[in-house]
């Protein structure tokens, strides 16, 4: 068998496969339409009170989806690893109470069914973008999937990872660009803003941006969020925590509810200036 | 003598040195004020006709400064090296005819005086951000200076390069962020958008963005430009060529006059949405 | 609960946990002793004939371990994905016939038990270095583990990944350094040779180097292999294929049996020059 | 004029231009022959005593060239900038007393003639690899030139920089590979060892390696030096300071005379193991 490079390209993810663009629908919410969608919530579920406080705040400010992790992939085995199934139960309960669509991240193929029973949208985190068996499992799950780019993946590799999910028959894939690894100590990751219009041109899938991991710095999140919308992003995923300074992970980059509320007020005019609804 | 790390930080470039922010004034133009400033023109001066056509087009569309290089630092000694002093004369003549402020890049300490005689603003290109002798010379020139970041420089190193110029007594420094080198083949450089608000917070100097080198792709320049303004940039430097496909350098990233004109129309609403004048 | 950064460091992987250095023993073979260990074989099992030809050749030239993948994590879903369990059976059969210790890579937590039934050593590939659930499973497997560094992981993150395995009670971890992602097109990955002595100083675990993925170029593999040994590596993992030009993956970097044989002849003197046995 | 990409490649630097390889000769010393050449000395000239102590020590240990900088390009304008012409005089005096060939770095086109009057070999530092006017000046100087790669330059760009020097009629160019910028905090630069055999294959010019800047860590310099020789390097440039802990720059990476002496003892056997003379 001879290696055929042309076999390697994405097909189902290519813009040509759906030139008008894909709109992912979940519980009445549309992602990829003219309306900007904001997903917000804490990095990790820590307790019912913490999650509820965050959920009510982000709902009030205009978010549609509650983001929260129950399983935390951590660089060190001694870091906080998440609440697991207990966390999933809290996400289900709290998102329902707050009237928000829910999402979370399964970090293992064996968790996909379990997680699918609790949330509306599955998330594949940056560390798992090249966990191809996991991509296949979320592809088979029937659930919409938010796919984050790997921190050292090219934009083409990002679309090829989406292709793994699409190939399983799951067309509800949302790309979340969160920047890539660079040498700059001032920011956590390099959020190369040109990638947003490049993705919008190359693929029909909705594209959202994560300004929290991109900048790694709550003070920069508002400007980065506005830039993402101006660049053509269909939405945002923003980390919000009732008390960021006490968060068990990503302490420096989570917004307070008050900061998030101000951010949302600022986003409206920018969205309208580029022809979007907010 | 003992090495003292604390001596290494920037002082004159720090926000604290001028908390209200520096406005660079040149021929009645203000850079760093509420009004967005757009610099535009060809990568290199190729002929009087080419430069005049570009200058009249960018002036008509709303640009204030004519950008153009007479000396071209090129990776290969066999690449087009620029018109030299002949190019300087054309820049002076054409910018005057078009009613634009002029700028260009001296690439050697020995050119600084010569170039200063022809243009309003000196530019230090990315390849020369660590050419400290050149930084000192432009610092002594008495001319306003646009300083581009090196492609592998950190944001702190960028401010330390500005410090070299400021230390010579020249307070008219404009920072131009043009992205840094990464591994992504889809874009020419990684334009880490978080750097814009980071710079605005850390320094009092005006910050502009170069979306042309950042994306390396004329099709992405409009969205990247809007993102830059949304992120807080005080202006833009955009490459425009009457016939980009025939340009002697940077062919893929230069806009046509018509594309530039559309870009300028789109920028106004974004600028206003973040409280700027356009 | 307050986040405690000091909890994040590696302990079990630290040199202090076993100052004399760990020797991993498997079927009479010692990895981490004075003797250099060479693992070699094709990127992927393609057929019994291909694997046997490679195995006999590398055995004859002095290798001790047969490397071969049955599951192939591939960037594109349309790339060759490996022979799966059929491949595992071939690895078991052929390694036994050739008198070689066997190793291969499980790419999913659900495969660990299956794979453990067929081979002597489990390998965690670069794409899975941050698949923490997989790290835990191979930690519980009771099998020695070769852990490759992620292409964008720091050396500290590499040791923290090892810590995940060690923490499950599995002390038989072999680190395989295969370079990281950079911007250089001349080589496939940046094989930062300083990392080898850094690892040997920081950890007690055996360290081997993969010159095939590091350089991505069969013509450079011999020099890189010699450099790795001179830098203090305890061994090598080299890709060898009977007919590299017809390989289903990694065609450019696999050596022919003849090239591998010459490489092995050259390695002996270098190993001896730094006090090793070959 | 149409842009012609084929014009951009290196010609004079290509291996084909001198298939047998170039040997640079200076004061009876041959660089690029079978014999390994070691250049050593302090990062910067600080005083006559410091330089003489270093020079006598490295000469005694077997080095042939005294390395030392009189002009220091520093990231911060507040860092030690070197002794300037006073330093040049010390280099001339001390190298003569110690019986060593001398080299140093001019950091500006205007210094080239001055520096050429004091030393045997000119060095172009990493920060100036893309200072094309400086490359032209050292090309015209008639002096042998050590060209270090830029920290974010590709290997091809490195050879194109050499081409600038060769094109001026100066055939005595020695390439010094010192690694490139990466994300790894454990080492100062990524010394991608595959680049050494790649350069030896692509160009006829002598190639030496700088293990001091590459690793940034005196404890790693010996292993990296041995690896460089094993990989095919024609020599080394090593930083040695009588009292590294009191050095005005690069304190962490300079060897003591005793460490250097042990390094030299270790290098001989490695050099011989790959067929070189030491």
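Observations, loosely collected:
In order of appearance the chains are A, B, C and D, and numbering begins at 1 in each one.
Assume a contact is a pair of C-beta atoms (placed from the backbone, for glycine too) under 8 Å apart; a residue touches a chain by one contact, two chains touch by 3 or more.
Computed from a predicted model, the values in this text were never measured in an experiment.
Seen from the Cα centre of subunit D, the chain whose own Cα centre is farthest off is A. Homomeric contact subunit A/subunit C: same residue numbering on both sides for over half of the interface positions.
A separation of 47 Å divides the Cα centre of subunit B from that of subunit C.
Between subunit A and subunit C, the centres computed from C-alpha atoms are 33 Å apart. Subunit A and subunit B have Cα centroids separated by 34 Å. Among all residues of subunit D, those that touch two or more other chains are 152, 181-183.
Partner subunit D is touched in their complex by these residues of subunit B: 1-3, 7-10, 46, 73-80, 107-110, 127-128, 130-134, 150-152, 157, 160, 163-164, 167, 181, 246-249, 251.
Of all the residues in subunit D, the ones that touch subunit C in their complex are 152, 154-156, 179-180, 182-187, 190-198, 201, 211, 214-215, 217, 219-220, 222-224, 226-232, 266, 269-270, 272-274.
Against subunit C, the residues of subunit B that register as touching in their complex are 181-183.
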